[in-house]
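The structures considered in this document are given below.
In what follows, chain A forms one complex with chain B and a second complex with chain C.
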Partner chain A sequence: MSIYDLKGARVSPMEQARTLYYKAEAYGHIANMGLRVGPLTMLGHLRSKPWLKVLLDCGTLFDMSTKGREGLYRQASAMALSRVVKAITETLEGVFTRPEYTVMHEDLVPPEIIYAMGLNPWMAELLGIMGPLIRSDFAERYIDVSENAGTPPDICSLPKATMGLALKGEMPRPAAILTSNMPCDGGMSCYTVLERELNVPTFRLDVPYNFYDERSTKYFADELFRAVKWLEANTPGRMDWDRLKEICDERNRSVEYQMELWDLIREKPAPLAGEALYLGHMIFMVAMPGRPACTEYMKTMVDMAKRIRAEGGALHNERFRAALWNPPTLVYPELIAWAEQRYGVVTLMDMISYNRHPYIDTKSPQTIMEGLSRIIMQGPMARHTRGPQTNFFTDLFDLYERFNLDMIWMAGHMGCKNTMALNGMFREKCRERGIPLLIIQYDLSDTRVVSPAEIRKQAEGFMETVIKAEPSK
Partner chain B sequence: MKQPVSLPRLINDIVDSPISPLVDKAQEADRKAIAYTCSFVPEPLLNVEGLFGVRVRAPGVSGTPMADTYLSNVICSTVRSILEFVLEGTFSSINGWVFTASCDHMRRLYDNLDYLEHPDFIHILDVPHKRSEAAVQWMREELSMLAEKLADKFNVVTDDAALSRAIDAHNEYLALMRDISDLRKRDHPPLTGAMFQALIAAASSSPTDLIIPHLRVFYETARNAPGIDDYRARLLMAGSHCDDPHYIRVIESTGALVVGDRTCTGSIPALAPIDDEGDPLTVLARRSLSNISCPRMMEEFDTRVEEIIAAAKEFRVDGVVLETMKFCDTWGVEASPMINALRKAKIPVLRLEREYSLGSEGQLQTRVQAFMESMGK
Partner chain C sequence: MPKYFAGCDLGSTTGKAVILNASGKVVASALIRSKIDPIETGREVLEMAAGQVEGLDVRDISYLVGTGYGRNEVPFANENVSEITCHAVGAHYMDPGVRTIVDIGGQDVKAIALNDDGSVLEFAMNDKCAAGTGRFYEAVVRTFDVTLDQFSELSLKAKKVVPVTSQCTVFAESELVSLLYKRHPPADIAAGVQLSVAKRVFTLARRVGIRPKVTVTGGCSKNKGLVKALEKVLRVDIVNLGMDPQFMGALGAAVIALRKQGN
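Up next, the complex of A and B:
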């Protein structure tokens, strides 16, 4: 990863020490995982899964997220990353120590169910998402493996990286796979390869296309019941409905805090932005929801945001507010910190975070399953890439108002055909509403398609010619 | 290759024009044309009295600049070509559109067409990705909603009796086409794969009742004709959309004979008879979901492979051509494991990736030649 385009902020030794503390804490989480898994076993995993080494580079993610930031915002960003690393190492630990209890799942399958059955949820796409965030070229060797095996170059690089990991024999082998037809054709189809390469039983959930009605909720909830039965038959897991209720209650508590956080970031200047929002959401609300650590994270961020508000906002010179739509630019996460520094743009919302967050009615197993169905169907990416176009635009224009935005940045990942096929409409609709729109052409996980420098150039061009913003010196 | 029979002129005319002349004829009789784009749409539902289904094609499309502005250039060119023709006004005589949420590309075609054209009648069927009983029930409800909407909009009857009549009429067409298809199982089939695809393309883009007499004339000629005896190899074509007989003609210009087609627009399993017992909507729902030849049916990889192997045996082919549309994600991912599985079953396979409109014929011929040589043909 490169952070060459970020200027270091002038911070006090105390602030520097705090950042170092969180960085050290993150490395401590990694070391702890090694100890709990067992040093020798861990060495074996390091040999068979070389991608694990990327964790040792997580310091660069800290540098990227803190280098240009000051005060409590800097602290919140470092704290967020430390917790993200902790959550990831705990997941990996489960995968390594209890493979027979591990269920690999696609990112739009409710992990709460797996968790409540005493099993380890392991989101297959996690590596393809986190890897490039830490080291931008992380996914490229796996993309190549996938393409050499015959997958065409135009298929989204995220499923390609995920398939590549399995084809290269570096994907941990779970007890079972639970997947679905989401979020897109490429994402769905890649499980044909995963199932065959990992040679484990697989269950696929069918999610309706147009899901804003009770009929769809019922259909999907029934699918979830069938998945539970199937998991009971194919893994040592047993559903504990009381446990599921506790998990969903916990999730509801996290959502309350997240809603409070959203209210806070509506204010100008925003008291929080960037990784603390999007990465925290991705890990705690998408990959590992319903755990006390998730609520704790959201609560901490609310507290931090309140303190940062009292300090005068995350960015003292906030000039513009933006949403970064689509999955964030994994190969160039510095874009967010860079935009803050160069043009005073805060990034407040993104497609992954913009969940509808319906609360789960935990009255009965039926209401719980229906609640989980709604969350998934109305969840990040799902309703934008799969449902009718109105989902995509209604949400975007809604959040544009809700967060008092000045512009939308669309991370126009070329492999995401669902969204590529909406760009024409997108431009016209934004023009009608007078919303400045930047469509960044790039590939989610492959820097060879568009380099980070080119991504930055596109953003510069837009800011200076469309927005007429003066870059800061 | 010597061809003992030729196609009726009308069939050739239909194949080369985006709107079949028979569509105009039916519309003159006050019947409404309902366009559809995907094999998951059950034709009999669009063929009730007063309506007829038209599977749209874009023959002769020479580029898709307008469609690319909206859909981008990374979308399947079948879909882009259809939108291009829509934007050019080629389909302006169509009375309504029925889509399926079958793949990402088709869904976005629906979105863009709706946004750009606001057709008077447009509907999208939410087709499940599996064929469980719950999925059949869901699909039945989808069809029932569509039937109601069609009845309201076009003032037609879509009740059980009307549907049963439409199923019977469609079965007549299917039986005739199966008879023609069976001729291809002969050691020396009287017709080429390109001819057969022309018949299917013409039939699916015309009112069935008006095309049947022409198909029958062809069948009567073909069944008594001598067979083609100078081909080098028998091939089965499997894969995605291929409604262009000229593409098959180029393959066959190398001396290969395409005797079976398990594509989205082909005959297997599309020509299987429709059950005429029981609740018609359930029958149609079950039939749609039993079409697992498209990889969007996510649980059926193994069955898909088995069915290709079975078809290869039934039509006694020397090899399989797996043709997939460029940018199609489901086929893009599935093609490699499928090729591996077919090769494991000792079936020679040639993978061809193609665009909707025919290009670089020479390259295609060279690849097919090399494939036949690799099979010792």
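Up next, the complex of A and C:
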């Protein structure tokens, strides 16, 4: 990531002070983690897990998301990042202080049941996701380790990075692994390597291929029940069904605010955009849902959005509204801020954030498990990587209308075979609907495949040639 | 003093310039081989074009638009515009019915879809390697020890097409040598090369949707054998724009310059 592509906004000393406050707050969270884990213990982790040092560079993420912004939008962006850093450090603290209670899981396993069992969820992909956001080349050495160990170079770089961490001995060792047959072959093979390298008990959920009918929902709910029994047999955790209800109720409260936030960003100009939306969802609704901090985050963002609306919108020069479909560009998170500044494009939605079944019926353990089943089976990275093409396109075109978008930017991760196979169909369907489509050819975690400069070049070509947008002066 | 408007296309292998009068008529055009210094290429090709208009100096051009890879280096340019846009404008200027452009240049291939008013709807580029581009053909004709024109004519004499599977410039040379050593008729091999390139172009064009009318621009559009192969693969007639298609980018730039003055 290079913040030199951005021009600094003219902001008052007070605004600069607020930004600095949130940045300092983030570093405070990191320091607190170190203190609570214990300085000597933390030092040991720093030696055995060099990736921890990347946290110290999180200031660049703040700089990226605030440099070109102003007003309350700038403040909201900084606040969002501080909350995200706090959530990550809290997770790491749990992993470091209670490894015997830690359950490693992939992103298509509901963390709610892990929390409800008094265990620590540890989404293995989190490092591969957050690392490149802070330091673009973070994942590359782990990718090399993975490929040198025999992993095919053309699979998704996120599982390659995740495997590489384990192969290098830098992945925190959990008590157990809870994974599934999703979202793709690369993801599945990743957990095979993790199981072997970490040498811990592993349970694989069977997510049904056909996932729309009640039979599938009940089947997967039974799988979740089976997983609970397995976890009780292989970890110190015990399911507290009342606790699970509380967690899911909390999640529903978070969703209420998120739905309100989505209603707000339908407005023109949008009162919020960018990292506050997509990172917030990734952390508080996918990786670590069901905690009061999640509800607090969503509520805060709703409040901020209302205040930003009164201020005239997040981007005073909003000209275009876009979805960045597929996971956002991890190695070039600056793309969003750059697009705002250069062309007045606000990014309002992405694949990970858009979910069709957000609520959970908490009447009984059975209904809770069925609700979690639907969230997983019909959520992004599951629904969009399996089954007919309508799974992928229906959601996309629904949100195109819902959020009053002008164009779609597809983060065309070359390693994602599922979505890349849809490119031709994607173009045809957008052509039929008259929707301008940019497919960015890039790699999610490896800048050596396509550099950030090349990513920008693709975006510039599209904006200036197809959209006929003049760059901002 | 009459007003003149110009476009200058600094491509990877050639520099082109087109000059229009205030009525939009092409009054001059020039093409030279690109030099190491793009500024020098721009200066020379513009001066060459201006020299075709009595009394015109480059500095007297009312508005100049640069395009191509070297668009930022065009001397005296008032602005620069992407080559995608310029090819679209140029082709549409010559034939408003054109909806699909295939531009095969020295180092890249572009497919451009236009709407009714000539605006770009979609585009796709292959700029990652030289396969199917002018550089590719330069390597091929060295193997055959003929000129490009001779190679093109040769391919039209084929009795059957010998498949050529290599599309990479490096590997294609060795494949062609191998085919020649197996005593396949050179004409048949040449036709295989044309068909191979056409299929590759088809893949790119399909990404933007192939809608008639279809035209081919860029230096490789002068390769008759390739155009014939493209018609076969695309299953459409390639329309002739009535002007050297290698100048479409520069023409489009000149048209944009003309429009900037309200014409």
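The definition used in the following text is that the second predicted complex is superposed on the first by the 471 of 473 C-alpha atoms of A that agree within 3 Å, B and C clash if a C-alpha of one lies under 4 Å from a C-alpha of the other, contacts with A are read in each partner's own complex, and residues count from 1 in each chain.
The rule is simple: a contact is a pair of C-beta atoms (placed from the backbone, for glycine too) under 8 Å apart; a residue touches a chain by one contact, two chains touch by 3 or more.
Remember, it's a predicted structure, so these values are computed and weren't measured experimentally.
Visitor: Following the overlay on chain A, give me a clash-or-fit verdict for chain B and chain C.
Guide: fit
Visitor: Using the touch definition from the top, say if A:424 reaches chain B (first), chain C (second), both or neither.
Guide: Touch partners of A:424: chain B and chain C.
Visitor: Looking at chain A, which partner touches more of its residues: chain C or chain B?
Guide: Answer, by number of touched residues of chain A: B.
Visitor: Between the C-alpha centres of chain B and chain C, what angle is subtended at chain A's, in steps of 10°?
Guide: 70
Visitor: Using the touch definition from the top, say if A:181 reaches chain B (first), chain C (second), both or neither.
Guide: The first partner, chain B, only.
Visitor: Looking at A:152 after the superposition, I want to know if it touches chain B, chain C, both of them or none. Which is it: first, second, both, neither?
Guide: first
Visitor: Just checking: does A:384 make contact with chain B only, chain C only, both, or neither of them? Give me first, second, both or neither.
Guide: Touch partners of A:384: none, neither chain B nor chain C.
Visitor: Does chain B (first) or chain C (second) touch A:437, or do both, or does neither?
Guide: After superposing on A, A:437 lies in contact with chain C but is clear of chain B.
Visitor: Check the residue A:465 against both partner chains and state whether it touches chain B (first), chain C (second), both, or neither.
Guide: second
Visitor: Chain B and chain C, closest CA-CA distance after overlay, in Å?
Guide: In this superposition, no C-alpha atom of chain B lies closer than 6 Å to one of chain C.
Visitor: Would you please give the residues of chain A that touch chain B in one complex and also touch chain C in the other complex?
Guide: The answer is residues 423-424 of chain A.
Visitor: Quick check on the complex: what are the chain B residues that touch chain A?
Guide: Result: residues 69-72, 74-75, 101, 103-105, 107-108, 110-112, 115, 124, 126, 128-130, 132, 134-135, 138, 141, 295-296, 298-299, 301, 326-330, 332-337, 339, 351, 353 of chain B touch chain A.
Visitor: Chain B touches which residues of chain A in the complex?
Guide: Residues of chain A touching chain B: 149-152, 154-156, 159, 163, 181, 184-186, 188-193, 196, 204, 206, 208-210, 215, 219, 222-223, 226, 385-386, 388-389, 414-415, 417-418, 420-425.
Visitor: Hey, which residues of chain C end up touching chain A in the complex?
Guide: Interface residues on chain C, with respect to chain A: 82, 84-85, 119-123, 125, 206-209.
Visitor: Which residues, counting only chain A, touch chain C once they are in their complex?
Guide: 423-424, 427-428, 431, 437, 461, 464-466, 468
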